[in-house]
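I'd like to ask some things about the structure below.
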Amino acid sequence: MNENPLPSIIPDKEWKKIQRMLSKRSLWMIHFCTGCGAMEMPPVMTSRYDMERFGIIPMATPRQADLLLVTGYVATKTLKRIVRVYEQMQDPKYVIAFGSCPINGGIYWDSYNIIKRLDKYIPVDMYIAGCMPRPEAIMDAFLKLMKDIDEGKANGWMRYRKYYDQYRRNQMRIFKRWDE
Amino acid sequence: MIRPVLLIALPLFFAFLSPIIGIWSKKGVRYLIIFATALNATLAGILLLEALQKPVFDIIGGFQPPLGIVLMVGPLGAIIAFIINLVAFAISIYNLKVEKEPIVRYSMLYLLLVMGSTGMVLTGDLFNLFVFLEVTSIASYGLAAYNKDKKGYLGAMKYVIIGSIGSTFVLLGIALIYSQLRTLNMLDIAARIGTMDPYVKIMAFTSLFLGFGVEAEMFPLNTWVPDAYDGAPHPISAAFASLPAKAGVFALARVIFTMFSFTNFLWFVVVMGLLTVFFGEIVAYTQKDLKRMLAYSSIGQMGMIIMGLGIGTTLAVEGAFYQMIAHALGKALLFIAAGFLIYAARSGKIEDMKGMARNPLIGIPLLIGALSIMGMPPFAGFYGKFFILMGGFSQGYYAIIALFLAASIVEVAYYARFIKIVFERGNESKVIRPDAATYVPLIILAIIIVVIGVYPKPILTVLQHVGTFIAGGA
Amino acid sequence: MDALTLFGIFVLLPLVGALVSYFGKKYAPIIAVIFTGISGIFLYLWYGNFGSYTIDIGVKLNLTFDITTWFFMLMMNTVIFSSLLFSVSSKLKRAGGFATLMLLGFAGANGVLLARDFLSLYLFWELMSWSIYLLVLRTSGEYARRYLLFGVLSAYLLIMGIGIIYYYTGSFLYADALSGAIPHAIWPWILTFLILGFGIKMAIVPFHVWAPYAYSSEQPFVAFLSGGLSKLGAFGIFMSMYSIAGISLLQSFGTFRGVSLMGYPFALLGAATAFIGTILAIFQDDIRKLLAYSSIGQLGYVMIGLGLGTPLAIGGAMFHAFNHAFFKSLLFLGAGAVIYRTGKYKISEMGGLGYRMPFTFMFVLFAIFALAGIPLTSGFISKWMLYEAAISRKFVIVAPLMLIASVGAYLYSYRILYGVFLGQLKDEDKNVKEAPGPMLAAMFILMVPLVIFSIVPGWILGWINKILVENGIGKLNYTTFSYSSAIGGANMAVFWIAFILLLIFAMLMFMAKKARVVDQYDNYLAGEAPPSVALHAAHNYYKPLRDTWAPLLKHSIDRAYEKFSKFFAGGFYEIKRIYTGNPQDYAAYLGIAFLAFLLVGWWLLW
Amino acid sequence: MVTDWLIHAGLVALYLFLAMVIGLLFMGIARKITARIQNRVGPPIYQNFLDLGKLLAKKTNIKHNWIFDFAPLFGLGGVLLILAYLPMGGYIMLSGQGDLILLLYILAIPALGFALGSGASGNPNAGVGVMRALTLMLSYEMPFLIVILSLMIFYNTASLSVLLQKQMNYLWGIAALPISALAADIALQGMMAEKPFDIPIAPHEIASGPLVEFGGKYLGLLMLYSAGSIVVETSLFVDLFLGGGIVLNPTVYGTLAYFVNYLVWLALIFVVWMIAIFVNAVFPRFRIEQAFKFYWKWPTVIAIAGLVQAYVMSVFLGVVP
């Protein structure tokens, strides 16, 4: 219901607020573990930190997910999968880049097949710096993202839609071909 | 009003006319046979109409029976004679295809075969029956070896051996009867059969039964059948199944019903019939050669007819006669078709005939023939089989009928195998079109089979007279 | 109406049609459609115009046109009409022969339905049998023989039954069988022979092995075979049990909770058939074989109903036969349309055709609803009747087998739906078009009754009730929209209203927002690029289940038959050796025979 | 007459709405309890309402083709239909108009719609998932159908409303046929696809199986479907074995009876749901062939024992409830 279902009762502004509230309280996450960092997720999910108290649960498919968590370095080959997964998610959708590598390449800064900045290819809403970031950092990121969503600042999906051509150009520079 | 003797005299006349015609036209001889058989069939048809009114007795040479020779034509005899001549006519059309020389002698023998078979059916005199049996047999021996190859000679040789032993048995039986009764007229014998010494009577019956059983392809006297059928030219195989066999089984019926009115011996005939069916069908299943398969199948069918005769109720004998007609038509059709298939495939083996019957002109008659032999409605074979079965049931022969049905399933199995192969797809290039001499007789026979199958009333009207036949009448 | 008109319209007209359409070349199916259409119109006009007649073609054929006959003819006629309509556009090879044989089979079927004496029954039965044989021969020559052998076996079993009756009564009329001439102890034999004979045509286990192969022939024919002709088995069993023998005679053999001991074993056989047919159907990959086994299973239900023999059970059996006629021929036609368009018949090789052939998909979907017994079609009601019949009499072996077989039906139904119509469309099928008009029309005709009789079951239950009352079985409890048994009931009007209202509600919730349509390759596969891999997961679909069943599936009735036939064929070759080919042996046979005859003769005399 | 019908329809709508709410609430409670068992805090129990709202409020939705729509349509419509045919707390709604066998077959409508929609997504995981679901169905239906059969034989009725009546007058099913009740509860675990039988959805193996391509409002409606299903399945058990929660006879106590019965019914389905959830929380997942073998062995044997008991009691001992 991206359009207001009952415009006569709920003002449009209120409706947007409701929508944001719902998105924030029910973030379904798909985590894309590229190579490292996945080990930090179990504590987040299990009894130590228990992300489910915020309504965040892991999902098996991007169709159901709102939040893409990219953990670790992104090889050019991986990037294509990430982009595909991202495009299969449904708006509104959010991305968290986890670790140093998606931010600036990290220790792979001079590698020939690792991309340096994930943000060039898909819009990232939240970064977690560190190599590796601790689960506390992840929880913090989740909370910050929730706050951003509430304030309407986490709008990477709108950016992606708006600057789709540029993102796509950046991607195609890496991929050469899309369908393999 | 025609005299039955014409049916015997005319083929004889044409048979001896054919060498004369053969002097200036070989082709003319072939057409002469067609003409002769057609004429004969027409006469037989007229005779049938007459015999339906009342039995026709034709006294030859003016001697009154029981001294003279008499032809005794009841409706049943007439219809069998009619069918024999009709089939002979159809086969004679197919004879146009026979290329083996000398055609003149072939034609002579063929007409003699027709004449002998017709005579066996029409005659009312036991010794005359023997004479016609001999004429038929000798013509058959000649025709069986006509291909002049090893198969033909061997087949003919076996036929000669078994056939002559059979004839001897017939002669023995005649001698026994004559020694006791001093007469050979069938009706006369029937009237005085009670005065015979029972042991001699059994012996006479056995001798005659076995003697005609050879022609009627009864187990275990049918050993000549596969070889002779296989070795003979195709039209002759067709003729064997339809002419002498039917005449033989009719003679058997005469022996059983007209002369010896047994009642306590009949179950034995049923058992013999069942054994014949059983061995015929089972061995047919094992055959890989088309003509041999058909020959064994023919044995099976004859066994069914013998069973029908042995059951001896009106219904069963009616069925047996219906089956004689159906089998004469159907088996002739199948042998003609087999001739074509062998010609087309250049081999006698069934497996080589893949797709050879895909031309409808050959395929549809072939199917009709096969289905009729299997006893499927609405073809001629259905009523015969059904009546025989029901007659059997009405006499309480449950076990025998059950065994018979089991054998019938075997029959269906091998016919289905054959049909599957000849209609198989994938050999289109080799399929050849039959010529008129092949498909015209096929279609004639097929149409008759369908007509008397769909509307059996005419035949059944004739066969109503079975009651009098069983009671010892003409 | 006199005898000749009746016989002419229902038997001779198809026969004439058979003759005419042979020469119709490619228009043959159209000609055949017209001929069946004519007899269909008369069937409609003559409802209620019932009576008995005799035709004399040398033998007397006793024909009766009554409600039972009419009911079965209705299925037969509709099914063959739509099958032929379907074949108009299916570009068969040698269409003339096809139409001819179909009409011959139709004439035979009509004859069987009209016949009220054993001679005409057997005559038409065999006519139908061989015309089907030739139709099977047209495509699956390898297995036509198997069909024919079983067809002939069925005919011969019938002959045994008929013969025993004839021995005692001396008459072929159905009506004379009950005259009291037949001793009471003989009846079980007669009924067993007749029921097994008819049961073969219904493909009752263990006589079902012909069906999967025969059903792999041309689809319009198979639709008629499975939908139409297999009902003759049901008709025959019904006639022999409840018309020839009659319910009171059946009850006199002792009853087991109100069900005749003569019928109960056949109900068990039916339950076994339903179960085995269903289990085997689940594992088939060839769509034709799947439908064939499903057909076996479904006819098992009919057998159960006929065996139990309470009014509800027989009513259910009749209704189920009716439903099966329609949905199974619809399924076969649907499969035919798919095979016609794609040329494939393996489920695992198809996929996604529902998007290209939406109407075919819808029709097949309805057929599957009926098959699985979803209440949206009349398929539910017949199953309901059978269940209630078994449960209300507390049959604890029949009922669970029936119920679990019905769950198994979901499994193979979904296999058809998913494997053929859903999933991913293959690249080579990208350009597949919807089935041609006549095919769709044929399928539509078959679909309509399934839906109509689900909304208004009272109409068809009225006919069935009449059949039951006329044969003195009892009557059903029904009104126009509802039906009930001793232990329950249902009202279809309420069901439909509730269903439609709730569906509209769901639709309102659903329609509030538009959805974007994406390509089938835009599919989540862990980010992989889909076209590079085969993604239709239909191959060996129920593999886990198959693995668990493997120890049982090892035993096959098919193979048992093959062993049996091999054993006999081997014996035949042994017997053949008496024809040694040596004339001396032959002469010896003659001598032995002479001696044997003579001795037997003298012994008899003595 | 018409007003009667309208009141009836309105009440049915109310019950259906409440059932949906209960279903969503139960899902939340289940999450909370599972979390507590695993020593976590867990989401608030209203979490599933938020999830549902979010799914329905998604900005974009995708579908693959028109058959894809069958899933939410038939899923939601069908589950509501089933609920309408199930007596909830003694209010029989439509169940006087259709018996248990009709109900068993209506149960297939939403499942079939769901299977069609997920099949139409073209995702192989969906195909595998549906295969597992159907195989699981064949597995648990074996004991379950035998259980239903023993109930129908024992109480000699196929109608749910009559069954409730008879349980009220005689004995609850669980007291009369305890063995069958045990088998039914084991079957129920598979019916609800809770662990160890959550094989069809198995998120870690086949990416949540049939659900793999559903998102947004499609998933939202399917969530409603599964919420309804929870009520259907638990309530089915309660209706079959626990007398539908009827403790007060409505003909005697009137509206009060309906109110009390509803609460008792709610408590009972909660108990049944809790049993399933506790089992769910501590078990790993079976493979599908293990599930099949399991169900066709022990629960079936137990169910057959129950059937024998019912049969002996009703046929030989002549117990007439």
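Labels A, B, C and D are assigned to the chains in the order they are written; within every chain, residues are numbered from 1.
Here is the rule we use: contacts are C-beta pairs under 8 Å (C-beta built on N, C-alpha and C of every residue); 3 or more make two chains touch, one makes a residue touch a chain.
Only a predicted model underlies this, so the values are computations on that prediction, with no experimental measurement involved.
The set of chains in contact with chain B as well as chain C is empty. When each chain is reduced to the mean of its CA atoms, the one lying nearest the mean of all protein CA atoms is C. Computed centre separation for the pair chain A/chain D is 36 angstrom, with centres defined by C-alpha atoms. Separating the CA-averaged centres of chain A and chain C is a span of 58 Å.
Centre-to-centre spacing of chain A and chain B amounts to 95 Å, using the average Cα coordinate of each chain. Multi-chain contact residues of chain C (touching two or more other chains): 512-513, 522, 524, 526. Touching of two or more other chains is recorded for residues 1-2, 61, 63 of chain A. Looking at which chains touch one another, you get A-C, A-D, B-C, C-D.
Those residues of chain C whose C-beta lies close enough to touch chain D in the complex are 352, 354-355, 358, 361, 365, 372-376, 380, 383-384, 387-388, 391-392, 394, 396, 399-400, 403-404, 407-408, 410-411, 414, 417-418, 421-425, 482, 485, 487-491, 494-495, 498-499, 502-503, 505-507, 509-510, 512-518, 520, 522-526, 535-538, 541-542, 544-545, 547-548. Within the complex formed with chain C, the residues of chain A that make contact are 1-3, 5, 61-63, 80-82, 84-85, 88, 179-180.
Note for the complex: chain C touches chain A at residues 512-513, 522, 524, 526-529, 531-532. Residues of chain D touching chain C in their complex: 60-67, 69, 72-78, 80-81, 84-85, 94, 97-102, 105-106, 108-109, 112, 115-116, 119-125, 127-128, 130-132, 134-135, 137-138, 141-142, 145-146, 149, 152-153, 156-159, 162, 207, 212-213, 216-218, 221, 287-289, 292-293, 307, 311, 314-315.
Residue ranges of chain C in contact with chain B, taken from their complex: 56-59, 119, 122-124, 126-127, 129-130, 133-134, 137, 141-142, 144-145, 148-149, 152-153, 156, 159-160, 162-164, 166-167, 170, 569, 572-573, 575-576, 578-579, 581, 583, 585-587, 589-590, 592-594, 597-598, 600-602, 604-605.
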